[in-house]
Each structure stands twice: as C-alpha cells, then as structure tokens.
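Below you'll find a set of structures to go through.
Shared between the two complexes below is subunit A, which pairs with subunit B and subunit C, respectively.
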Partner chain A sequence: MLLKLARQSLWSRRGTAWLTLCSLIISLSLLLGIDHLRLEAKRSFTSTVAGTDLIVGARSGQLNLLLYTVFRIGNATNNISYAHYEQISKHPQVRWAIPLALGDSHRGFRVLGTNTDYFRYFRYGEQQSLQLAAGREFSSVYETVLGADVAKKLGYQLGQEIVLSHGVGKVSFSQHKDQPFTVVGILAPTGTPVDQSVHVSLTGIEAIHQGWQNGAPAMRKAKTVLSEAELAALQPTVLTGALLGLKSKVATFAVQRQINEFKAEPLSAILPGAALAELWQMLVLVENLLLVITALVLLAALIGLTTTLLAAQRERARELAILRAIGARPWQLFLLIELEVLLLTVTSIAGAFLLLTGSLAALQPWLSSQYGLVISLLAWHPHTAAGLGLVLALSLLLGAIPAVQAYRQSLNQGLQVRL
Partner chain B sequence: MAVDLNIPAIELKNLRHQWPDQAFCLQIPALTLAVGQHLFIRGASGSGKTTLLNLLCGVLSIQQGEIRLGGQLLQPNSAAKRDQLRARQIGVVFQQLNLIPYLSVLDNVLLGQAFSGKAADMARAERLLQALQLPAELWQQSAAALSVGQQQRVAIARALLGKPTLLIADEPTSALDADNRDAFMRVLLQEADAAGSTVVFVSHDQALAGYFQYQLDMGRLGDGVTAVRGNAACC
Partner chain C sequence: MRIAWTWYLLLFAATPIMAAEHGDAAGHEEHGAHVHGEAQLTLATDGGLLEIMLESPAANLLGFEQKPATAAQQGAWQQQQALLKSGQWLQLPVAAKCVLQQQQLNEPWAKGGQHADISISLRYQCNAAELLNEVKVILFTTAADLQQIDVQWVSGGQQGAATLNAKQPVLQLPGTE
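Let's look at the complex of A and B:
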C-alpha cells in the first residue's frame, strides 16, 4: 500500500517528478557513460595489441608509433625499408614478424598492406587469431581480404571489385582506378581496428604505386597497367612498420635495444603495453577530472531531488495528517518519502541504462570507424553495482532530510493542519 | 468485532493536559460515553477541543489521568500502541480535505485498512459508498474531482469501513451549505449506528446540537461541569 501511495503521489506530481527524473537520468548516464567509455577504450586498445611483443617503425615517439601502426590513428612519420625488415625478422629471438604498409584507403577505411603471416600470427584479445568468415586469404597481387565492418558497412560480397585511393581521407582525388582489387575473403569480427581494415598483399601496395614519385602519380603515364612479367617481378620496397612476436618474453628488452640501435636506419621498437600505459598515464588526469565533474553533477541532481521533495512537503502536510489520522505510524510516513526517493532513483538508473545503451548503439558505428573503438552496449562492470549502490545510498541519505521532516511533523502536529 | 455493551466506549478520568508556555490547561475530571451514543462537543477556538481530540486519538501523549477506549487503556508511553489502536478502533472525519487527492475514491476508502493490518474489505467499502449515495461511476475517479459534499461522504465511508469503536468528526460540516449539511448529518449518524460506532462530534455550530443526545461544552469545563446528559434543550 505504501508503495502504491508513493507511486501515485509521484504520479500526481508528475510535472516536477519528471524533471527531477530527467536531471537524474542525464547525470547518471554521464557518470556511467564516462566510466564505461574509459574502461572499454582501455579494454579495446589492450585487446588489440594483446599478442604483440614489439612494434617496429621509423624513429618516433612510442605513442605515435603505436597509434598509427595498430590503431590507424594519425600517420607515419617515415617509412622503413623492406630489406631491414627482413633482416630484423630473421633475428634469432624473433618467432614471427608481420609487415605493415599503410597510407592508402578505401572509402574512409584504411588499407593495410601485409603478407599472409598476418592471418597466421596476429593475435588479439585472449590470444585469439584472425578467422575468415568467408572466402580465403589473398594469394595474388590484386586480391583483398576485408575486415568485418568494411564488408558489412559497404555491403561488399566475395568476388566484388574495389578501387583503392591514395591517402587516408574519406574523399580522395587520386584513386588507383586502373588497378581494381577483387574481394577474396572477409574476416570474422574481432572488435579491434582489424574490422575497419582492407587487407592487401605488400605486392599489391607496390603495384598500385608503380611509376609514382614522391607520393604522386607519374605525370607521363595516363594509365599503369602492369604486364604479367612485371607483376611477377614486383618486390616490396618500403613498409610503415612491423609487429614482432618473440620466442621469449625475457628477450624483449634486448631485442628492443638492438632495434633501437640499428645502424643502417633509424628505427624505433616499442613495447605496446608500455606505450599504452604511457597513454593512460597521460589521460588519467583528464579521466579523473571527468569522473569528479560527473559525480558532482550527479550530486547536484540528487540535491535537486531533495529540494523538490522538501518543497512539496508544505503542500503535503494535509496528506500526511490524513495518513496519521487513519493510523499510519510516523516511521511509515518516513518510509513513504524514502520510497518515493527510491522509486525516482531506481527509475532513473533504469532510464540511464536505456539512454546509455541507446546512445552507444547510435554512436558505435562512428566510434569504431573513427577510433577503432568497439564499445560494448551494456555499461556494466564489476564495480558498477557497488557504484550504483552508493548512488542509491546517497539518494536515500539525502531523501532522509524530507523524510525526517515528515516524521517530525507528524509527531508534533497532531491531526490538525494549520494551513 | 464483538462489542460488549457494558464497557463504555470512552472513559476519561482526571484528564489534564498543559501545553508548554501556555496558561491554558485542559482538565476533565470524568467523562463516560456508552457504546453507540453520540456526543456533541461545542466550544470556541482555543477551548481545548483540538487537544481533546488529539488525546482521544492517541496522537498526543497523555500527561495526567487516563483514557480508555472500549475498555482499552491508551498507553501514555507507547505511541506505537496508540497508533495501532487508532488504526483499528477510531475513524476520523476532518473539517475538509479529508481525502488523499491523487488516490481514487475507492482507494481512499480502503486506505485505512492498509494501516490497521486488516484485509481490504472491498464489499463493505462498496456497500458503504452506495449507502452514502456515491454512485459506482465515481469510485475510480480521483478524489480531487468530487464536490466538497461528496468528499465528506467518502470520508465517512473511510472512517466507518473498519467498524470503529469511535468515530471522531472534527467540524466536518463547516464547508457544507445548509442542505448538504443536514443530509450529511443524517447519513453520518445513520451509518455510525449501523456500524455500531460511538460518535464524538466537534463543532462550533450550535444548530447541530439537536442531532445529539449528549453534549459537552468546552467553555464550561473550567467550572467543573463535565459530563453531559440530555439533549440540547437541557444545556
């Protein structure tokens, strides 16, 4: 009965209740959302580099190298020569090496030139390897394997021909029109930037840039069509970077040092874990600041809730007196007010999850294509229950202010109400 | 509930109540009201009517003396027991605004039973509403939609639903016009009799005294006049 009273009483004041609910929902979804995004971003990033021991690229900062090689964010500072890559891949401590050639795109999706070792050795998440959802790996120059999202969003099927563009913008004025690639495989979803990548062979990358000078098509030739012999003779010359897997983790620092001191070319080798840690370190202040701000916003909303209830208290004096007259105990009136607080808070938590899931579902395509972030729709983490419990406790604590007032009023006032 | 007619509905002994910082002191040496009797309490503002009602209802703690309702002593030290006694044995009708505005008429009537711990007696609620000339199409409407006269009748239904030992009415007619008032008084007393409830009716309106066998004039308590017999003509 008390619950029904609380519900109907809120319903009778649905104007203010609704506004209070809105402010609670917004602030709760902010808090939950920021916490969720922060954790999911970390999980997503960490999962992507889970199986890689070292990342090699032209000499640059470790964050830059990490971001452009693995997450396709930003651009390479310089290339490394394929010959040196081969030299490194033959290092006795290196178990596997995956070459990476970036710089082209297809309708906003980055093109990754690599070899079939990519499908064999690349590991993500809990040491999972890439799986083909359809088709096969590329085996000749003009074949491509699409990431799951690329195929899904562009609606590509096996056997379809696609044209790559130079540069990484969504709109490109220099397209490799004369050398279309055939889709021969589509990868299963991984929840990593692999899903947003178009994979071709290194020779494919080489072929579309034949005759190019300084990143621009050769002026004299209108069309570059390579003969069979020319295609067979293609050899990769430059790479953007490489991923290395080592035979022993112990050797990681030694190999890293050797690559960093590589004489023939200025190279950088980085530990993805360490680079990510540096990234988180940089972000921790922003992260905490955001959390504190959203927590304060939530607190303000909860105080707003208390204010609303306190303001209603005057007009409810009559109601409470009636309840007293028909035998309600003072603690039942206390409970009634707290039940209203509970109803509002629980409803707003449910509303916040709905809003959050809805907006994540709406934002997911953008987040995954722009940042390679795959965010799970449900904002639930092991500590979420405790956090929400805390929010609930806090709301009940603040709700106790009007509730205690109702309690005391009912004790002092008797049955008469002085209006 | 079986009512023993030999036990008085209300029994006051040496009741004394003093508000802090106020000269006025409510004093009633003795007052006894048998089951089923109707008592009219008249008095100007400040004569202690409200205090007496709050004491009878068990909202105020008794300072001195004792009150028994249907033989049961109102425990001065246990607000919980008094609240329970009120929920089970007392029905209250206020001056106006008796109902929770956002609940339906029927829910308002059934509300009292939620606190008395009894099962909701839907059949009796509907019978009472019908007897009080509240047609069924009003029952699901919110209480705020009714006229004042209708609201007061709903309040009677609520007060009498649990067949209380005591029905307390605190100026319930003051917001009603003369026609409505007479109709109200008739159904109030009639239904109280049907429920076997003793009625304590407070008003400053002497015209209503004719409905009651017993009267208590708060203004004359100080003179030692307490118990009251006979009808309006004798006082």
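Let's look at the complex of A and C:
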C-alpha cells in the first residue's frame, strides 16, 4: 500500500524525480563502468598471454615489447633477424617458439605472419588452444586463416580472395593487389586479439614485399607475380618478435638472461605476466583516483537526491498532513519517504546497468579492434553486490533526513491555510 | 629421477651456446642497471624446484663498493658471503619443507670498474611445494642501504611482479598446483 503511494507520489512530481533519477543513473554507471573496465581489461590482457613463458623482440622496454607483439598496440622499435630466431628456438630449454611478423593489415585488421606452430602451441585463457571453426591451417604462400571477428565483420567465407595492404592504416594507398590471398580457414572466437588478426605464413609476408623498395612498390616493375621457383625459394628474413614456451618454468629467468645477453643482436626477452603485473602496479594510482572521483560524483548525486526531497517537503506539507489526517502514523510517513528513496535508487541501479550494457555493446567493436580488449557486457563482479549494497545504505541514510522531517512535521502545520 | 632430468636440462641451459657464436661481434657489452638502494630478485618454481636469484649493487649489502681493502671490510664481506650463501636472508614457509641444495655467489670485483654487483642464486628442493605461498626477505634489517627489491616470479603456472621493502618484505605466491 505504502509502495503504491510512494510510486504515485513520485509520479505526481515526475519532473524533478526524473532529473534526480538521471543524475543517479549517470553517476552509477560511471562508477560501475570504470570498475568493470578496469577488471575486464586485466582479465582480457592476462588471458591473452596465459600460455607464453617469454616474449622475444628487439631491445626495448618490456611494456613496449609486450604491447606491440601481443596486443598490437604501438609499434616495434626494430625487427629481429630470422636466423637468430631459429637459433633461439633450438635452445634446449625451449619447448616451442612462435614467430611473429607484423606490419601489414587488411581493412583495419592486423596481418600476422607466423607459421603453423601458432595453431599448435598458442595458448590463451585457461590453457586453451586455438580451434578452427571452419577450414584448415594455411599450407602454402597465398593462404590465410582469419580470426573470428575478421570473418564475421567483413562477411568472409572460405575460398574468398582478399588483398593485404602495406602498413596498418584503415585506408592504405599501397596495396599488395597483385598477390591476393585465399581464405582457407576461420578460427573459433577466443576473446583475445587473435580474433582481430589475419594470419598468413611468413613466406606469404615475404612474398608480398618482394620487389618493393623503401616500403613502396618499385616503380618500374609493373607486376610482381612470382614464379613457382621464386615462391619455393622464399625465405623469411626478419621478424617482429617471437613467443616462447619453455620445458621447465624454473629455467625462465636463465633463458631470459641468455637472450638479453645475446651477443649477435640486441634482443629483449620479457615475462609477459610479470610485465603486465608491473603495468597494473603503475596504473593502480590512476585507477584509485578514477574510482575516488566517480565515488564522489555518486555522493554528489545522492546529496542532490536528498536536496530534491527536502525541497519537495514544503510543497508536500499538505499531502503529508492529509495522510496524517486520514490516519497515517508518523512512522508510516517516515517509511513513505524512505520507500521513495529506495525506489529511486533501485530504479537508477537498474537504469545504470541498462545504460552500461547498452554503451558497452555499442563500444565493443571499437574497443576490440583498437585495443584488442574484449569486455563482457554484464558489469557484474563478486564485489559489485557489496558495493551496490553500500550505495543503497548510503542513499537510505541520506534519505532519512527528509524522512525524519516528515515524521516530525505536526499535523496542523500542514493543514493550516497559509495567507 | 624427474629431478635429475630437470637438473640436466638446467646445466645444459647454462652452457653459453648462444653466446658462442659471434666471436667477431665488435665489443657488444652488457651493462645491467645499477641503482644504489635497489636490488632485483627473480624467483621460479616448477615441480618441487625453487630457484631464487638476487642481484644487488655491492653498496646495498656491504656499505662499500670497491674491493675490500681493510680488515674491517674483509670481515664484512666474509660475513655477508656466509649470510647470502646460507639462505638465511630468506624465510620460506616451514610447511613447504624446502631444503637448500645449491648456492652460487659471484665474484663481484671480477669485472673491475667502479660499480660492483653481488649476485647470489639459491636452489631449493621442496617436498611440499604446494604450500609455498609466500617468501619473506629479511635482508632489509641487516642491509640498511637496501631500500627496495623488484621481484619477478614464476610460480603455479602464473607470472607476476612485486616490489618489496622494509614495510612490505613478504612476497605472496599463488602456490604451485
């Protein structure tokens, strides 16, 4: 009965109630959203490097190396020679090695040159291996295996021919038009940057850059179609980096040290998990700052809610007095106001989830293609319930201010005819 | 038997097969970071094996960096060597039943130059490695000049990083599977 009363009373003041609700929804979704993004980014990043013991690349900072080799963020400082990669992959402690050659793209998606060991050894999440949703692995120069998102978004089927572009821009003026690739396989979704990659063989990468000079097609040669013999003779020369899996985890640091001290070429080997942990350590201050700011925004919105209710008290004096006159007890009025607060807060929580899920769904494609981040749509974590409980408690506490006032207001005060 | 096999691999890994080539490479020399007050620690576990390596500028642990000249400095160095090799600067959970098997201390003044680095590796065999959930470093009380240790670890199929200091000298580990 009281609930109905609270609802209808709110409805009669829907103008202000609506605005209060809006400010609550916005601040709540901000808080939930930031918390969610922070945790999801961590989960997504960690899951991507779950199976890799070491990442090898040209000498640079560990974060730089991690971000460009695995997450396709930023650019390589330098390439490494294929011969040295082969040497490292033969190290007695190395169980598997996956070569990575980046730098080309297809309609905004990165092209990853690698070999079939990628399909065999790459692990993500809880040690899951890559699965083909359709087709097979590439086996010759002009074959490609697409990540799940690439195939889905561009609507590609097996057997279709695609043209790769030089560089990583969405619009590229130098395309490898004369050497199209045939789609022979499509991977199952993984929720990692693999979904946004176009995979080709290392020789494929080598082939499309044959006859190029200084990063552009040579002017004189009209066409660079390679003969069978030329294709067979193709050997990869440079790589962007490599992923390593080791036989014994205890050897991780020993192998890392040896690669870092590699005499022939300045190389860096990093532990992806440790590099990520250091990244989170660096970001913890920013994270906390953001959370504090959004918490304050929420507090401001809750105080705004109280203010609105207090302000409404005066115009509602009559309404409350009539309720008293028809037999409502003071505590019932107290409850009525608190119920209104509860109604507003619960509605705004529901609204915040709705808004958040909607905007995440809208942002998802952009986040995953730009940052390789796969964010789940539901912003729910084990601690979310406790956090929302706290928000509810706080709003009820603040709502007690107008509620107590309603409790105290005497009957005649409201019924008096003011002149 | 399994342990012997791992040992063999580790010994093999330690041979500088990669450094062997390029005798012709022109003077490409490595200089690790050398920041006074800071040290690096790496920790790796697999099976029952625990390997820990600490690298620190000599000044952090000894208070001086040149080759010990006086009797007092000699004494300090002897004492520090004994401590580092004994593994007593680490506190491992008793329940993990770790036994120190091998230790290796470098010769800090072998390279010459102004800055000397001490590096100590310890290898333990743990009978209940799954209970190895934390490692406490108690160097901060004995080495007054040591401010912080940057840790990278591999354990229980995970990797991680942490910073230890006098206030927070305990490294938390997920424990092995």
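The rule is simple: the second predicted complex is superposed on the first by the 406 of 419 C-alpha atoms of A that agree within 3 Å, B and C clash if a C-alpha of one lies under 4 Å from a C-alpha of the other, contacts with A are read in each partner's own complex, and residues count from 1 in each chain.
Definition applied: contacts are C-beta pairs under 8 Å (C-beta built on N, C-alpha and C of every residue); 3 or more make two chains touch, one makes a residue touch a chain.
The structure displayed is predicted, hence computed values, not measured ones.
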Item to check | Clash or fit, subunit B versus subunit C on superposed subunit A | outcome: fit
Next on the checklist: By the touch definition at the top of the document, which applies to A:60: first (subunit B), second (subunit C), both, or neither?
Outcome noted: neither
Checklist entry - Which partner does A:240 reach: the first (subunit B), the second (subunit C), both, or neither? => result neither
Item to check | subunit B versus subunit C as contact partner of A:144, first or second or both or neither | outcome: neither
Checklist entry - Once both structures sit on top of one another, what is the angle subunit B-subunit A-subunit C taken between CA centres, to the nearest 10 degrees? => result 120
Item to check | Partner chain(s) touched by A:278 [first = subunit B, second = subunit C, both, neither] | outcome: second
Next on the checklist: Going by the contact rule set out at the top, does A:325 touch subunit B (first), subunit C (second), both, or neither?
Outcome noted: first
Next on the checklist: Looking at A:23 after the superposition, I want to know if it touches subunit B, subunit C, both of them or none. Which is it: first, second, both, neither?
Outcome noted: neither
Next on the checklist: Contact-wise, after the overlay, does A:8 reach subunit B, subunit C, both or neither (first, second, both, neither)?
Outcome noted: first
Checklist entry - Regarding the shared-chain residue A:264, is it in contact with subunit B (first), subunit C (second), both, or neither? => result second
Next on the checklist: For the three-chain arrangement built by superposition, which of subunit B and subunit C touches the greater number of subunit A residues?
Outcome noted: C
Next on the checklist: Quick check on the superposed model: minimum Cα to Cα separation from subunit B to subunit C, whole Å please.
Outcome noted: 58
Checklist entry - Which subunit A residues are contacted by subunit C in one complex and by subunit B in the other? => result none
Checklist entry - Which of the residues in subunit A end up touching subunit B in this complex? => result 1-2, 4-5, 8-9, 11-12, 318-319, 321-330, 332, 411, 414-416
Item to check | Of all residues in subunit C, those that touch subunit A in their complex | outcome: 6, 9-10, 12-14, 16-19, 21-22, 25, 28, 30, 42, 44-47, 49-51, 53, 152-155, 157-163
Item to check | subunit A to subunit C touching residues, read off their complex | outcome: 53, 87-88, 91-93, 127, 247-255, 258-264, 266, 271-275, 277-278, 281
Checklist entry - Any idea which subunit B residues touch subunit A in the complex? => result 50, 53-54, 57, 59-60, 79-80, 83-84, 86-88, 90-92, 94, 97-103, 107, 111-112, 114-116, 158, 170
